[in-house]
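The block underneath contains the structure these notes are about, expressed in structure tokens.
Order of writing sets the labels: A, B and C. Residues in every chain begin at 1.
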Amino acid sequence: MATNSDSNVNKAVNVSELIAKNKKKKSINNYMEKLVPTILFLLASITVLTTIGILYTLISEAVHFFMEVPILDFFTGTELKPLSQNPEFGILPLLNGTIISSLIAILVAGPIGLMSAIFLSEYASDKVRRIIKPLLEILAGIPTIVYGFFAFTFVTPLIRTFWPQLEATNILSPGLVMGIMIIPMIASLSEDAMTSVPNGIREGSLAMGTTKLETTVKVVIPAAFSGIIASFVLAISRAIGETMIVTIASGSSKNFSFDITESMQTMTAFIVEVSGGEAPAGSTLHYSLYAVALTLFVFTMIMNLLAKYVSRKFREEY
Amino acid sequence: MEKLEALHQNNKMNARLRKNSIWKSIFFLSTLFGLVVLAILIIRVLIQGLEWIDLEFITSRLSTQADKAGIMGAILGTLWVMVVVIPVTLIIGVGSAIYLELYSKKGKIQSFIETNIANLAGVPSIVYGLLGLTAFVRLMDLGNVVLAGGLTLALLVLPILIVSAQEALRAVPGHLSEASYGMGATKWQTIRKIILPAALPSILTGSILALSRAIGETAPLTVLGIPALLIPFPQGLLDTFTALPMQIYYWTLDSSLVAEYANLAAATIVILLLILFILNSIAIIIRNKYHQRN
Amino acid sequence: MSITTQKKVQIDVKNNDTTTESKTEQPRVVYDTKDLNLWYSETHALKDINLEVTENEVTAIIGPSGCGKSTYIKTLNRMVELVPGVGTTGTIAYKGKNILDNSMKVEDLRTQVGMVFQKPNPFPKSIYENVTYGPKIHGIKKKSLLDEIVENSLRGAAIWDEVKDRLNQNAYGLSGGQQQRVCIARCLAIEPDVILMDEPTSALDPISTLKVEELIKELKKKYTIIIVTHNMQQAARISDKTVFMLNGEVVEFSETDQLFSNPKDKRTEDYITGRFG
């Protein structure tokens, strides 16, 4: 030990003095130190600019539309005939298509997703969970265009073999496939909600001789209820905004009907159709694009805020 | 003892336990359901598409004749889009994450920006298409070129990258930056030399996942008016282009006219899924390597 | 002999006989704390602290957990500010300059005052990169000079012989005790005047603890050391002066021998005889 420290004295330069000297000329560094936070702040504000850009785009163009078509007519009109001699711009057919397809999706994904969540959170062993969860993530990572292809070329023909009334393009099959697409979302968010229920609550119930099922249904699910609801709401919002599956598999009939074997158009599919077609800039049809998009934006935003509100309430419970 | 047995009879324990195990099977089957559909989807696409994939399919140009058509143009288009998306999202995404995690004071501005990012993540992708159409294609007058498509997709996946980069930065142990500050290092020095290198593997993983989301996206591109015509191969950021998902879209739509187009779409899906699979494998490898070291 | 001739040129900064002009006026008191109060938001963590820390001595701070000893040592290089919502009143003069003043650049302060932490915290880099981290960020880039600093610092931390053949290996591969000595070497590399040690042995096994303690006795010849410890025997073994803190106050401050053999305050006596804490 002593020899070590003796040799420590043996040095050719005085580091601390060198450092002190360097400090004096480090003005560039000092400059960076002040500049960097500003640059980073500007980068972070790009996301705010994006929001402003979206709102500005949608609102400024939708205003043109509402100058030609009264808001009330737009939201109560059951006819959407943009290309006819006397064009009509009622959004109800699109809302109808959007709501029906999302409803079908949640009817599929809700029960299956929730039951998967129960299995993963309450019944599955660690090992099983570690295998199944990544597989479900793959399901969530498949591009929607692939689901669209699947709905159009596989699910629809499959259903038509035993239900011939189903049209080649219909709202049922994309609804079902959208449901499959959002299963992982509900499963993983609901599972998160259920695993964050403290174990003590479970043990308290099991210690009284209840079965696992009873504990899950009577204790865990009620405790995780708002988290589960939030996952449903987010999944619906995702289905409302989903575009490619419905565009491909549901066609473009602007039907205002409740017959799920028929072709219907959603808000998103309408946007694809109109923007892909040759709507001349400045035409009512062109502006209608933005009016529909604004409606879609508001719809999903409300759902997202609702989900956040519900899950925040949930957090307060523990 | 008798009392216990009576209790056992009374509370119908056997029936309750039977119910429990029946439901357990139902829960398990539900979990399998999604996976079975996934398997059907993949097998179906492989059966339909694999025999159409050969070197010619990958390296040829588009053609209206199904047996001559190739997807080189779409592959190149997707690659060019990646060239835009990767640097743009990395710089803006990591920069924003550093600002939010390490510079901004906990307060109104920070929570405003974070709420805004959370909301952006929930905006339907097609709306980003309209933003790109207005801002990049028309306002900046780029036209429907690689740069416009790439920027649109970059904005779309930015929230994903920011949130994952924030998590990566947060996961760097505080004692490392403490050690650095303790030696008189400034904040930016500490971030650059200690925090960023430590967070890099997770940031890369997150950015690869964001990238895979971007290259599978179709809806915004349809709004930008990306064509599927017989256009020349894109050679730069300002060339018009088509991308793999767009090609799948058009071929699927037209499959009711020409039946073989469905097979071409399936073959293109196989290529797209293969690219996504490779990207995700890289992400998993990085993640595992990093976890082993710690 | 050659060593002694070199010595003259090489200026041992801490030694008053080989003086440089800046060091001659150096006060004997390195840290002078006056009426220091500190709050974490609402919590009053330090109350009216008055302390003088003398050059080239080991000052130990003892007390039960939560007494404010860690907070105090982290105030001495202003690391305490990494916790949001910290407020202070009073002054701490470091070599005559109030470090709590806004004009004080914390980076400059921390360059002169090194710190060793409770848990060994090497960077996930090679041993070499760990030691050169400080010199590099302070603008020293010459490879030959860095090599020299690495050897000197690792020798100074009494770990050179153990790691000299694997300087390019990751520091995480070392044992806890070795990691802590590499951290001390990292701290020595920028030649601080003072070394703050926040329970440096609490995460180490007894043998490593002993090694670090011997090292501290050695380092004291050149550096001023302030060490927080929960281990009273350790304080008694290595320190010249000892501070006993309780509930954010300094209860007693005196020569170590005296504090342990003849405590003036009843509370100190209770603590060192193990009646509480």
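Note that a residue touches a chain if its C-beta (ideal position, glycine included) is under 8 Å from a C-beta of that chain, and two chains touch if they have at least 3 such contacts.
Each chain and its UniProt protein: A = Phosphate transport system permease protein; B = Phosphate transport system permease protein PstA; C = Phosphate ABC transporter ATP-binding protein, PhoT family.
Values in this document were obtained by computation on a predicted structure and should not be read as measured data.
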Discussion item. Chains as vertices, touching pairs as edges: which of line, ring, star, complete or other describes this one?
Written reply: complete
Worksheet, complete the sentence: Farthest chain from chain C by C-alpha centroid distance is chain A
Item to complete: Compute the distance, rounded to whole Å, between the mean C-alpha positions of chain A and chain B.
Response: 13
Worksheet item: Quick one: chain A and chain C, Cα centre-to-centre, how many Å?
Response: 52
Discussion item. Quick check: how many Å separate the C-alpha centres of chain B and chain C?
Written reply: 49
Item to complete: For chain B, jot down the residues that touch at least 2 other chains.
Response: 186, 189
Item to complete: Return the residues of chain C touching two or more other chains; collapse runs of consecutive numbers into ranges.
Response: 108, 111-112, 138, 190
Worksheet, complete the sentence: Contacts from chain A onto chain C in the complex sit at residues 1-2, 4-19, 22-23, 25-26
Response to the item:
In their shared complex, chain A is touched by residues of chain C numbered 3, 6-7, 10-13, 20, 108, 111-112, 135, 138-140, 145, 148-149, 152, 155-156, 158, 160-161, 189-193, 214-215, 218-219, 221
Practice prompt. Report the residues of chain C in contact with chain B in the complex, numbered from low to high.
Written response: 77, 79, 82, 84, 106-112, 114-115, 117, 119, 121-124, 133-134, 137-138, 172, 183, 186-187, 190
Discussion item. Going by the contact rule set out above, which residues of chain B touch chain C in the complex?
Written reply: 105-106, 173-176, 178-186, 189, 193-194, 197-198, 293-294
Practice prompt. Please name which positions on chain A make contact with chain B in the complex.
Written response: 29, 32-33, 36-37, 39-41, 43-48, 50-51, 53-54, 57-58, 61, 111-112, 115-116, 118-120, 123-124, 132, 135-136, 138-139, 141-150, 152-154, 168, 180, 183-184, 187, 209, 211-214, 234, 237, 240-244, 247-248, 268, 271-272, 275-276, 289-290, 293, 296-297, 300-301, 303-305, 308
